Each structure stands twice: as structure tokens, then as C-alpha cells.
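Each of the next two complexes has chain A plus one other chain: chain B in the first, chain C in the second.
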Partner chain A sequence: MSKNTPNIPGLGSFFLKNPGLFFKGMKNQLKQGVPMDLISLMGDYGKKTKKADASPTQLVANFTAGFPVEFLLAFDVWPGFPEFSACTAGMCEISQPLIEEAEGMGYSRDLCAYMKTAIGAREKGYPLDLGGSPVGDFYCGTNGVCDTHAKWFENEARKYGRPYFAMDVPCVVSGSDEARWKVDSDYIVAQLYDLIKFLEQQTGKKFDEAKFMNIINKSQECNRLYLEFFEYRKRIPAADYFIFMRVFMFPVFAQYDQDAAIKYYQKVLDKMKKRYAQAPEKIGKPEKYRLMWEGITLWYASDFYKDLEKKGAHIVYELYTESSAFRRKKTSSVEETMRQMAKEFTSATYILEQDKRIPFMVQKIDEYSIDGIILHANMSCRPSAAGLQDVKTEIEKRTNKPVLILTCDMMDPRAFSEAQVQNRIDAFIEMMEENRTQKEKQIMSGGTGQWQTINR
Partner chain B sequence: MLTIGLDIGSITTKIAVMNSKALIDAKVSFTGYNVEKAWRNILKETLDRLQLKESAVDRIVATGYGRSGVSIANETVTEIKCHAVGARFYMDNVASVIDIGGQDSKFIRIDKGGNVADFVMNDKCAAGTGRFLEVMARALEVDLTDFSKLSLQARKSSPISSMCTVFAESEVISLIAKGESRENIIAGINESIVNRLVSMIGRSKIEEPVVLTGGVAQNIGIQTALMKKLKIKIWVPETAQVNGAIGAAILARNI
Partner chain C sequence: MKAFAYFDSGHEFPEEIVMAAGFSPMKILGDVHKGTAAADEYLFPFFCPFARGCLADALENSGKWSGIGVAHGCDATDHHYDMWRDHVKGVPIFWVNTPMKMDQLARTFYIQELKRFIDNLDKQYSVKVGDKELKDAISLSNQVKSLLRQLAPLRVKKDIPNRDYFEIMRKSIQMPKESLVEDLKKTLADWENRKPFPAGKIPTFLTGSDVSFVEFMDLLDNAGFRVVRDDLSLGERYFATSIPDAASPVEALVTYSFDMPRSATRVPSDGRLEYILAVLKDTKIDTVVSQNMKFCEPYAMDAVWTIPAIKGKGYNCMHFERDFTPADNQLFTRLEAFKETIQQKGGRSNV
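Then we have the complex of A and B:
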């Protein structure tokens, strides 16, 4: 297969044309406070992606979240991940003009801002470090998480004249219908066999089962270690918070260098083991309120999370980061792995139906000693914004903890009004405080005022 | 004990002076672009009028959007909590507060213990707030006091459907051009505000008694439309506009 990938613009030439944007992006990336070893792991992905993009022989396939990336690795195809690039632009706080660029092309305000950021960055010629992504030699998308993925990649593939493999995951509302399970599972597994054929065609290589299973084993190990870290987040004080987790989840998501990811996660866990074997309460930050967050993070608003922490409110659990772990169960054959994948695609935490999602959250509230819950009503992401009002009502009823719905956007700062958000957060913190101390009972006594009634 | 509550809103600044039992004085002024000037002026004027020195004040609590700019405040508290406490001052069993401020409208549910149990606010849009009314009053060349009463003379209400304040203004202008009466248009505007409020309240749970607060609370057209739509009785304190400042002054007693 001949490769015809245009190169992603280099950081140097971008800097010469846009020094202001370059410095803004770099400064904002640095202020995330991501530890050096994780930065270098991600930097390595960037470097290798650029190299793959420039190489005349290395194939690059763009994939969406939820797609079984291990198949690409088994064929030595480099995984390009435009959503990750979009997150980078978000962290650099430069996503808005990119979104506007895409809207100028006709994408509506209501469409996924990840997609618009990635498209805008491509159109404006942004380098990888600031949100750009390679044009894939081919595209692999799935509607498993969201139908946007499927359409986004279909459009890209058509625009650049590249092949597209679309994996259709039946919308069964997360395994609610067990009777259909066998049919759905067969349907997905058949598509995974088609995927193997597709990759054989694209690469001219034969599928190597042993190599694939080796990759799957490593993927499972990576996921196991990643999930083990969550155990330490249950501790008080927690191992770490959302602003770290949103970057910490990247190696398990992209799986591009499994050995490095396993080594990194193992190192972090070893550190945690030591830390909690000593006196953890003396090491961590004081946690006045422990929070749960549901929905995607606000990539452009690291200051928001830091402010929360300054107020003593720490996000110790998110369904979103936990759901980025996929291969959770050991498997020993290709067929078994495919069946397991089918199960995972249709029952990911992220797309749980309400009847399962609410008890799941209630259980997590207990496990993580949560004081309050923030639900992110994400303006441009339908899957993560749907059903939040019911979640709020039910969780309040079942746990008696305050639940705040915050209407923002993961990537579009136009949907984030600082003063309004602060006001809601402050009131939410006051409610958690009231919950705890019940102090106001004594304060709020009265009944002495004058009245004017208007319903005569 | 003498305490002061300062509520720095997006349009108006409110002050309430209280002793340990009662409200001594309250006043409203425009906030303008300089928050510090706004609260310093209203504080000075009020203390001068009461012939008090600043040193006589035991504690100050600031609330509202500009609360963090009040450097002399002993504490800052959100207007959600302040409105709940302020409403409790008048009615100790109040269960729900609807506050319509300059750029925010909010619904606050209060539990049996008097704590804020839940709140919802308008999101990303000034429609359904005081600012919306101001824009509409300007388009109709009516001052806000007349605006309040005129809707009661309406024969029917002309529906305003636009979600956006600016587009709603264009809608109003086209209704004027069509010869629709001012009274009917105002009734339509009130109805559109109330519709938005009611759908916001639907996200929580309204329970009686209900108190209406904020600058818009005195608008008789809004009061009437709200009661009609919610089919419940609504109570409006005479000091509805300074309710948040009263709450702040009460909270100042206990910090």
C-alpha cells in the first residue's frame, strides 16, 4: 500500500509565524502541573507520531475513543488519536479559535467540540503539540461511545480520499437486554474479523495471532495497573485528583507504547504503596470535601480545578477516567478476546443506562467517601449530558448529598462563564458545609418581619 | 450587635444594617463599573444617615457577584445562601425562594432545618432576568415602575418566543410596528419571563410557602403571571430587593 500522508506542520515554523500563540500554548501546558515522567511519556507519543507521519513507509491510522486500538498495533500501524490532539489544544487554552474555524466551515455550534477543535487545528495548520493531528492513511471509527465519532471519521476519510473502517456497536443501552446479547455479540465479533481482513488489505501483512495476544496481554496488564491506582484514590487523602487523572489516563487510552506505559504505571503504584504504608494523612493535601465528577473534564480550565482545591474541595473520583480502562478481563484466545471486547463495547461505564448508572454512582459515592457530586452538563456532548437531571434527583434522594449540575463544555470556553461557575461552586460548597455542620439551624431563626401578601 | 450586609449585584448594590433583632436601614444604588466605589459610597451614605461611625459596626458580610471586591468584609457568602437566610427572616418556615436579580434568576429550596437543600439558576442567558426587563422597557420607552403596572391593563398577551434578549427585543419592535398595544406586549414579556422561570423551577421541586425576592419581585405583572402559572400563593417581602443583603447581615451575626 502506498503511503501518501501530508506532514503535520512543525512546531518551529509555527512558532515563527505565531510566536504569541506558541508561548501562550506552552505556558498553559506547563501550568497543568503534570509530573515530568508523564510529560515525557506523552512527549514521546508526539515525537513518534510526527516521525510516523513523515515516514514514507510507516502507516498511520486515526482511531476514535472506544475503538480496539490493539488491532492496529498488531499490524504495526501507528495509532493517530485526534481526540488527544484536541485535548492538548484545550490544555493550551487555544481551542476557541479552532472551534470557530470549524464553525466557519459549517459545523454547528451544537456539535462535538473535540471534533471541531481537531478539524479547526488541521485547517489552520497547527502542529501536533498545539492540537494538530496527522491525516490518517486510513481511518478506524466506531459509534460505540457516540455517533459523532462515526460521522466525523467518515467525513475525514472522504475528504482525504482514505479508506474507512466503521465498527457499528448496537445501541442496546448497555446490556439491558440480555436476550439479545448473543446476537449483538456475534454481530460485533463478525465485524472484528472484518477488521482483521481490512487491516490485512491496508498493510499487506498477515494477521499474527500470537503477536496480537501478546499485545492484548500487555493491554490487560496496563489496564489492571491503571485501575489499581483508583484503589489509592479511595484513601483519605486520595492518591491524586482529577486534574492529574485526566492526563494520567492517556497511556491506557492510546496504548501506543505498552511497555513504557506498564513501566510508568508500575512505578507510580510502587510509590503509592510506599506512601500509604507510611502515614498518608501527613503527606496529602487537606481534604475538606471529597467530590465526584461525572462527565468530561473542562480541558481549558485548569485554574478552575486548582481553585476548587484551594477551597479544600478535591475531585477524588470520576466515571469518565475510570471508563477509559477497557481490557479488564484476562483472555487467552483471539475469539475469547473478541467476545470480551463485544461485552466491553456495550457496557462501558461511560454509556451505562440510568438504571445501572445511578446504583453504580451510589456505590462509588460510598466507596470513595464522597461529600458532593458535580455533574457536567456538556453543551456539545450529548452522550455525557443526557439524563443528568434524573441522576441528580435520584442521587440526592438516595444519598442525601448535594448534587450540582454545571452547564459548560469540555473544550469550548465560550460555554464557561467564570463568575457564574464560581457562584455555583461557592453555593455548592456552602451546601456541603451545611450538610456537615448543620450550623445554620441556629442562625436561621426569625419570623419577625413585615408581610405584604399579593394573592388576595 | 450591629452588622451590615452588602449585596453587590450586576446592576444594583444593596446594603442592609441590622442589630441583633431587627432591620435598621436598607438602601439600593447602582453598581456601575467601579464595584469598590459603589459599596464605599453606599456604606458611607448609610452610616452618615444613621450617624454611625464605621467602628460601630461589628461585622460585615458581602454577597453578590462583586462580593470578593469588598475588602472590608469579614466574610463573603453566596447570594443563594443569603437569599435563603433573608427569606427566613420574614417567614421562618419558608420552603422555596424565587429570586429574580439583574442577570441571574434562581430557585432555592430550603429544607426543614432551614438549610439550602437545592438550587437552580438560569444558565448562559440573561433572558428571564432583570436585565431582560430593562432592555424591553427601553424598547417600549416605559419606565420600570409603569412597566410593572401596565400589564394589568392588557386585554391579551402578545407572545414573545425568542430565547435571546437581543432577538426578543427585535420581536418587541416588530410587534410595535404591527400596532400591538404596549400593555399587551408587556403582558407577553412578563409571560415569557415567567415561562422561563417555571421551566427552571421544574428542575427542582417547589414547596410552599414560596417567597419571591430580588429587584424584579416588586413587578406586579410578574407576580401575577407567576402565581397564575404555578397555581400557588407567593409572598413578597417589602424589602424583596434587599433580601440578599438582609441575609448577609444576619449571617454576619454568627461568624
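Then we have the complex of A and C:
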């Protein structure tokens, strides 16, 4: 397999050419308040990706979210993750010109802005820390989450003349039964065996089962620790909020350095254990309103989350960040792992079918003591936005908690109207406040304190 | 015979299976005059309006149908299915998971999937869809495809307005097949006697998202573009190939599904461009109109590379987004401007 020529510029050379943009990006990244150890872990991914890209022998494969990255690691292939890069550009609040760049290349305004940001950043020669990503030596995509992934990487592979492995994950719809599941699972597992053959061809190496299982074990450990952190988010006050979680999920998502990720998550957990072992008054002040968020974060709008927090509303649970944990169950053989993967591909919390999604959310509302729910009708991501009107109706009916639908875009600030969003947030907070007052009144008068329905 | 409706992003739904179960398959197209309002309560305005129109149609008309099939194609079919299941009342809804890929593994998967669909129909309607019933349905379906293959080439030679072509396609996916065969035979006799291809119309290849309402075809015609070839599902994809004769009719349906001209919802979709270029080369058509239904992702993704490739070969090619609306004056003006450019250049050239 031939190696691509290195193509990602360094941060230094970018700075010399674009000092203004560089400072803007860095300033916005810093204001996220991401802890240094996590920043350095992410920075390390950037450095290593750049090194892999520049190496004449190290193969780099770009993969989409939902693709089983452990197979790449088992073949010593470096995992390039353009969505991660796009998120970085979003956090740096520099995504819009990148999106426009991609639109200039023919990508419609209505297409996913993750994809357009990543494409625009590569075209404009942005470094990794500001949204750039390498051209893959080959591409691995799946339609498990969305069609966009499969078509995006098909286009990329075609453009650069690179091999493409597309994994076809059958869509699970409401009412699917076990018989259908068996057929779906067989199809996915057969493709995973195909993937092994594909990787053997690309790398010239034989699949090493023991090595793969070692990687899987680490992946499972990484996922276990990551998910354990969610337990502390159920506490009042919660361990941390969405603005942190959206970055905290990267080590488990990209899996590029499993040992470092395990060490990092363990360290954070140890800190949490200590924190919550203290007397309640030392743990922190309870949140006034505890929120659930469904959908992708608004990467470019960290101020929005900070404003929410200033108003006493903290997002303590999101399905999106929880869905980045894939390997949830211990497995002991390749075949068993593949079967388990098939289950995971088709049941990630991000793409749950409606008849599972709604009860799942209701359960989480209870587990996380949620006061209000924000549903992000994401114009970039139709798969996740589908069904949200029904989610709202059902959740309001089943829980009597206020539900707000925000129509925005996770990456494209053109779809974010600050004034409009603020008005709606204020009204939403008023509803939560009204619920709280009613609950208190009820308790005072000897009632159960069950939430009341609010007429709107 | 009662209609069995289906929601399909392209030509994925296996009509012959419901024919074999004793129903008349009818593709849901929505009603562009009624719009999408009924569905907008459940689907956001930034979803494909064709798909919203189909849901609106089903919400109003499901009582007239014996069942509904939803075939996987794009994210709209996948992720709207649950809304159909929850809100379209009084009729059983079936999910047919057409694979995205077309290799041997996908073939094995799809055979299972079609067998499962047959079982579900058997159970739901107490019927027995066997090989004989399937083969009869395939034979009838192939008669329709064969007639369409005789009709379609007349577009190049005769005066066949876009609306007439659309109308035979609409009938093909909505009329009971038995009466359709007779209807198409009559149409064939009529078309053969039509006047020659009119001077002043530009013979055009139409590609992109499916066209589901006749007004769009009129718009093209009125702007001077006569569609003589296409790769639409309400078009050549539906009849370019026949369902092969095979011992197993289910396997024949899978082969047919994988061999027909490629849609943008399949990966890889390279075959789509190959089909377009081969047709352009064979027929000496030098004008391509490529249209994208607003929010239609698969075709928008393909347009990024297919349009430059078509233009790169020197063909006149215009690509645009359109909406689910019967009248679009702005688009008409753009098409007229495109026509003028072609006329000024007087030959095969980029626009």
C-alpha cells in the first residue's frame, strides 16, 4: 500500500500565515474551561496524528463515529477521526468559513456541517488543532448512525483514490423482533470478517486474535470507567456538565491511546470518589435546575451553556455523550466480540428507535433527577432530529416536565439565533420554576410533591 | 384488488411480493397541492418535503389501503418509519430493509429479509405467497417493464411531452398491473403515431432526486427541456432491466434489485455516473438537468462529484435544488437562462 504524502500543516506555520485566526481559535478553545490534563490528552492525539501522517510507513485510516476502531488498532493503523477535528474547529468558533468553503465545493447548505467543516478545514490547509485532518491511506465508514457517514467517506475515498470499506448496518426500527435481529447480526458479523480481510490486504499483516482481544479488553475497561463517571453525574450536585462531557468523551471515542485514556479516566474517577465521600455541604451546591439534553452539542456556543449555568440550569445528562461508549460488555472471543459489536451498532443511545428511545429517556429523567429537557432539533443531523416532536409530547405526558425543542445546528452558527434562543430558554426556565414552586406548595400543604402539568 | 401502498425513496420496494399476496402495489407520492402540513406535526420542515408529503398522504388515505410497506433507502425512510408506525392508523405497516451495499453478503442478507417480509404477509393476511405466485407476479411485472422499454425510446423520436412520460410512469407504480398492461399497449399505439420530436425543444437527460409530481415535468417542458432519457426511479430505473428468470423467484428479485441502474442511496454509487455517461455517449444527448429535492442528502452528496464529471466531459449541465411545490417561477427563469446559454453556444459546452 502506498503512503500518502504528509499534508497537515503544523500549528506554527499556520500561525505565521494566519495569526489572527490562530489567536481567535486558541482563545475560544481556552475559554471552554477544559482541564489541562484533558487538553494535553487531546493535544497528544493531534501530535501523534501529525506524526503518523508524516511517517513514510505508518498507515492512517480515517474512520467515522460508530465504526469499530479497535480493528484498526489491531493492525497498527493510526485512527484518523475527521469528526473530532470538526468538533475542535467548532469549539474554536471558526467553523463557519470552513463550512462555506465546503459549500463552495458543491456541498449543499443542507448537508451535515461536521462533514463540511472537516472538508473545508482540509481544503484550506488547517492544522489538526483547528479542524484539519489527514487524507486517509484508506477509509472506513458505516451507515450505522447516518447515511452521511457512508456517503461522506465514499466521496473522500473517491476524491483521493483510496480504498474504502463501508459497513452496512441495517436500520433497526420500532417493533423489530428477535428473528430480524438474528438476520441483522449475521450480516454485520459477516462484514466484520470481511473487514479483517480488507485490513489484511491494506496492511500486509495477518490478523492477530490475541492482540485484538487485548485491545478489546482495554476498550471495555476504558468504556467501563467512562460510564462509571456518569454514575457521579446522577449525584446532586452532578460530577460535571455537558460542556465538559463533550470533550471528556474524546479519549473513549477515538481510542488512539487506550492506556493513557484508562489512566486519565481512572484519575478523574478517583477524584470523584473522594469528592463524594465528603460531607454533603463540601460536595458543592445543588443545581437549581437539572437538565437533560438530547442531540449534539452546539460546539460554537460555549457561552450559551455558560449562560444557562448562570441561570441555575445545568445539563447533567445527555444521550449523545453516553452513546460514545460502545464496548459495554465483557467478551472473551473474536466471534463473541463481533456479536456484541453488532448489538452495540444497532442500539447506541444516539440512534435508538422510538419505542426504545422514549422509555429510555423517561428512565434517565428519573435516574438523573431531571427538571427539564432540551431537545436539539439539529438541522445538520436529520437522523437524530427525527421523532423529536413525538419525544416531546410523550415525555411531557409521562413525566409532566417541561420539554423545549431548540432548532439549531451543532456546528453551523448561521442556524443559531442568540436572541431567539435566549427568549425561549427564559420561558423554559420559568416553566421549571413554576413546577418547582407548585411542588414546594404541595409539599407544604401535605401533598406528595408530584410535578404539575403546566398549561402553555 | 385492494391497494397495498408503499413509501420508497427510490425503486427499492419489491412490488412483486405484494402482487403475489393478492394486492395491487401503489407507490405513495404525496400530493403537492395539499403539501406537507398534516405531516409537519411529526416531522420538522428541514426534512425532505417529498417524504413529508408521503406521510401527509398516508395520514389522509391509509384507510383506503390494505397495508403499507416502507423500504429502506435513505435516512428519511429509515428514521421516519417510526413516525409512520405511530401515527398512520388502521393499517399494518411493514419494514423492508434493503441493504446499502450490493455484494455477496448483502445478497444473502436481502434474501433473508425478503423471505421474512413474505412470512409477515402470509401471517398478517392469511395468504400463502409461494414460488408460483411470485413467478406469476414477476411475469406480469416484466410485461410492464417490457412495454415501458418500447415506449421510452419514442421520447427521442416523437413529440412526447414530459407530462405524458410522467403519466405512464405514475400509472406504472400506482395502477393495478393487469389493467396497466392494456393501458400501456394503447399508449404505445398512440405514441407511435405522434408527430416527430418538436424543433426548439432541447433533448435532455434528467437526473437527481425522484420527480414525484407532473408540474415539475411541465416546468421543464415549458422552459424548453424535453426529457428523453433519465435515471429516475419513476423512470428508467423502474424498467431498464427485467427481473431475471431464476429457479428461486426471491433470488431473482434480489438480482434485479442489485442490477438495475444505481441510485444515490447505494454505496458505492459510481455506477450511477457510469449509467449517465453511457447513455449520453450512446444517444448523443448533450444536455443534463440535475435536480435535488431540498434536504435530499443522498443526491446532494452525489452531485458534488457527478456534476463536475458530467461537465468535465463537455456536456451542458445545470444542477439546482427544488422544492415540493407545483409552481416555481424563479426556477423557470433559471431554466430559460440555461436554455439561452445552450442556444448561444450552439453545441456541447459547459454552462
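Just so it is clear, the second predicted complex is superposed on the first by the 428 of 456 C-alpha atoms of A that agree within 3 Å, B and C clash if a C-alpha of one lies under 4 Å from a C-alpha of the other, contacts with A are read in each partner's own complex, and residues count from 1 in each chain.
To be clear about the criterion, a residue touches a chain if its C-beta (ideal position, glycine included) is under 8 Å from a C-beta of that chain, and two chains touch if they have at least 3 such contacts.
Since we're looking at a predicted model, the values are computed, not measured.
Visitor: Once chain A of both complexes is superposed, is A:Ala210 in touch with chain B (first), chain C (second), both, or neither?
Guide: neither
Visitor: Figure out whether A:Asp355 sits in contact with chain B (first) or chain C (second), or with both, or with neither.
Guide: In the superposition, A:Asp355 touches chain C alone.
Visitor: Counting only touches as set out at the top, which of chain B and chain C does A:Gln389 meet: first, second, both, neither?
Guide: both
Visitor: Between chain B and chain C, whom does A:Thr407 touch in the aligned arrangement: first, second, both, or neither?
Guide: both
Visitor: Figure out whether A:Ser417 sits in contact with chain B (first) or chain C (second), or with both, or with neither.
Guide: The first partner, chain B, only.
Visitor: After the superposition on A, what does A:Ala279 contact: first (chain B), second (chain C), both or neither?
Guide: After superposing on A, A:Ala279 lies clear of both chain B and chain C.
Visitor: Which partner does A:Asp147 contact after superposing on A: first (chain B), second (chain C), both, neither?
Guide: second
Visitor: Look at the residues of chain A and decide whether chain B or chain C touches more of them.
Guide: Counted on chain A, the partner with more touching residues turns out to be C.
Visitor: Taking the two structures together, which residues of chain A meet both chain B and chain C?
Guide: Looking at chain A, the two contact sets intersect at 389, 407.
Visitor: Taking the touch rule as given, give the residues of chain B at its contact with chain A in the complex, in rising order.
Guide: Spelled out, the residues of chain B in touch with chain A are 21-23, 65, 77-81, 84-85, 88-93, 104, 113-121, 123-124, 203, 220, 223-224, 227, 233-239, 250-251, 253-254.
Visitor: If we count contacts the way the header does, which residues on chain A are in touch with chain B in the complex?
Guide: For chain A paired with chain B, touching residues are 389, 396, 402, 405, 407, 415, 417, 419-420, 423-424, 426-427, 430-431, 434-435, 438-455.
Visitor: Per the contact definition, I'd like the list of chain C residues that touch chain A in the complex.
Guide: My answer: residues 41-44, 46-47, 72, 74-76, 78-83, 85-86, 95, 97, 99-101, 105-106, 108-109, 112-113, 116, 264-265, 267-270, 292, 294-295, 297-298, 300-305, 307-308, 321.
Visitor: Under the touch definition given earlier, write down the residues of chain A that touch chain C in their complex.
Guide: Counting only chain A, the residues touching chain C are 105-108, 110-112, 143, 146-148, 150-152, 154-155, 158-159, 164, 166, 168, 170-171, 173-176, 179-180, 183-184, 186-187, 190-191, 194, 353-355, 377, 379, 382-383, 385-390, 407.
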